[in-house]
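After this come two complexes, each holding chain A, first together with chain B and then together with chain C.
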Partner chain A sequence: MTAESLSAPYTVEFPFERTVGPKIGTFLGGLRDARLYGVRTERGVLCPPLEFDPRTGAETGALVPLVTTGTVTSWTWVPSRPGDPLPHDFAWALIAIDGTIGALFHAVDVGGEFARMSTGMRVCARWRQDRIGGMRDIECFEVVP
Partner chain B sequence: MSLPEPVTTMASPFRMDYTYVAGVGRSVFLRGLAERRLLARRCPGCAQVYLPPPEFCSRCLSELEAPFELDGLGAVSTFCVVNFPFPGQTIEPPYVVAYIQVHGAGTRLMHLVREVEPERVRIGMAVEPVWAPDDQLTTSLKSIQHFRPVRGADA
Partner chain C sequence: MTALAVIGVGQSKQAKRREVTIGAMVREAVAQAMADAELTFADIDAVVLSKTPDLFDGVMNPELYLADAMGAVGLPVTRVFTGGSVGGHAALYGAHLVEAGLARRVLVVAYSKESEGNFTWALSRGLPFSVQLGAGAGAHFAPVIREYIRRSNAPEHIGWQVAVNHRLNATRNPYAHVQRPDITVEEVRDSRMLWDPIRFLESCPSSDGSCAIVITGEDDAARAERPPAWIHGMAWRTETGHFAGRDEVNPQAGRECAADAYRQARIVDPAAEIDVAELYIPYSWYEPIWLENIGLADVGSGWKLVEDGRTAFGGDLPVNPSGGVLSGNPTGATGLLRFAEAALQVRGMAGEHQVDGARRAIGHAMGGASQFHALWVVGSAKPGKDRA
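Right, the complex of A and B next:
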């Protein structure tokens, strides 16, 4: 009997699909068209949009078109793994889109250079060529030139 | 400017690749399976018998005693009938997944109960392991294809 431990590669996988509400659905439809939308609430324009204001529970209002620039409010540096949006190391960040409240979670590409990341930096969306109506229609955010 | 056509569903796939490390204790059990042997171990402190056995007792942290073999005869402790199809399913529903109390063990094994209609499975039913053919024996619970009712036993 050998004292060595056995090990084996495993994969857990499940192909979930979820339905989305009318406002998030329109937001995703906008991404497909390379346009960014938020929704009006009493507190300001929320991006990414929600069906209901988490603070008050009130139904959110009209969808409004937005610019695709914003400010990094928080971030963490990660090594790139298979399936990630970028082939080199990058940051996952919370991005306040200009003119909105809330925070959009996405990857920020600084060419793999950790030192170029900072809170408060200005970024803009880089659109994917083939868009399907999902968050990955934004390939990532990049430094505003 | 008109609003975009809304999307109604989004794919939200979950996938994680990882390495399962059995540990020294459980590896003893897994290597036993490849030889059609069910190896249990007893705790010297509290006498609990583990199947599958880890290296140390989870109740009193004592190192378990030397492995010994059980014949695999046991009873259905509890079970469920899987009726729901899902992606990646390898058996056509309905089928039975049960906790098996192997005689001589203080813990339970989860496995399939087959060769019986699902509606005939009962808690307490006497079952036995059906081992895989020689060329399919491996260091995994797949070495037991399933459990089945012991023929002639009155459940």
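Right, the complex of A and C next:
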């Protein structure tokens, strides 16, 4: 008689339908149109936008169109894996979009050359051809030419 | 010990709310309650969140996720978690914080956004080596209702009449989800059978919605711009869902919960001393069941109050003037909505569903398999010094 553990298949599900509302919805719709929006607060413009200022809980104000350039404030170098936005090694970075406070988290492409990566470097968004209204409509950020 | 009062009440429209986020929907109720209390977030000392299990709408730790929407930045936040009764328990927990001197002003917040999830999946999802019944909540309660009918010899139309009464009440409440001004007993009778004897129109809907209240001690209540709802008695009791000899038709925890609250409120004849009751009635037959369980009717005769029209809007003991759970059920907020309606009634602020001369009201909530029970008695007059 062989010892055998019982096993059964189990599929993890996430059967939820999120609502994003007018503020985040406009931001996501903007990404689909290759436009970047921030949102006004008493402290300055936040990008990505939020419905409430996490510091005070106050409702945020109007959405404002932004340029798609910014400055890297912090980063980490990672080897590329399947499913990553780039086929070669790249950086995950916090990027302060021009005219905003805070930072947006995204990939930065420096052609796999670690030595080209630095805090304070200037980057701009590279848009995907087929956009659906999600953060990955920005393929990555790249060095401002 | 300070007297306790509700000085702010807010609620969102109950409906399928696909146009707003969870945070924005919660904020609707919070902003309204804060405006009613004429307070800002800086005046609040603690926040209590009432919510159904995370699986119901798929947000883990909503008490953290909603910290900004609830104005809870930098404040202690507690999440209360007791099934469908949770909103009632959250209100009591908030009152306890003030009573214990741990907070001066507490904001109690409650919500569900059921359109984002799948309630029946969440209640009964397929797990390895466990049976997936997918029976739904009504299938649990239907045999209990059958047993109530058997014991009390109530005629079948009682359930249909309760469904009509509550839906007509909802037509006076702009926040209620279900609006059926033309509903008739015949229409309820002819609606689809879901779980015998529960028909479609005798069942609660699944809703999105939020509710919030502000609880303070007597100093703040005395200074409030609008009349406070004073807490005269409050209690919760719990029993497990299944044990030998358990009577789910008339649960002991519910009886003792109500008796404790009445003792604090110095109520000896609840039916005579209560002007209006807002009870957690998810299926029509739970009106007579709870009337008996919480002592508003003798055992076996709760249905006669329905038969005689006494619990309808113009009756001497109106039940669920808001339209109740049958007219709107954002489950995480459903219990708090009952407690808030009781407060609005004794403040004279219930709008078109105001019961004339309501001075003392019951807010009641039930959860799980009738396991979790919470109840408060609120009044327009400040209670005597020796509550409890």
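Here is the rule we go by: the second predicted complex is superposed on the first by the 126 of 145 C-alpha atoms of A that agree within 3 Å, B and C clash if a C-alpha of one lies under 4 Å from a C-alpha of the other, contacts with A are read in each partner's own complex, and residues count from 1 in each chain.
Keep in mind that, in the parts below, a residue touches a chain if its C-beta (ideal position, glycine included) is under 8 Å from a C-beta of that chain, and two chains touch if they have at least 3 such contacts.
Small disclaimer: the values here were computed from a predicted structure and weren't measured.
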item: Which of chain B and chain C A:Val20 touches, first, second, both or neither; value: both
item: First, second, both or neither for A:Ser74, with chain B first and chain C second; value: neither
item: Which of chain B and chain C A:Ser118 touches, first, second, both or neither; value: neither
item: First (chain B), second (chain C), both or neither touched by A:Gly133; value: first
item: Partner chain(s) touched by A:Pro9 [first = chain B, second = chain C, both, neither]; value: both
item: Touching partner for A:Pro54 - first (chain B), second (chain C), both, neither; value: second
item: Intersection of chain A interface sets (partners chain B, chain C); value: 6-10, 13-20, 22
item: Contacting residues of chain B [partner chain A, same complex]; value: 1, 3-24, 26-28, 30-31, 86-88, 139-140
item: Chain A contact footprint on chain C (complex, rising order); value: 17-24, 27, 41, 57-58, 67-73, 113, 115-118, 121, 125-129
item: For the chain A and chain C complex, residues of the former touching the latter; value: 6-10, 13-22, 24, 50-57, 59
item: Chain A to chain B touching residues, read off their complex; value: 1-20, 22, 25-26, 28-30, 32-33, 35, 37, 63, 65, 83, 133-134
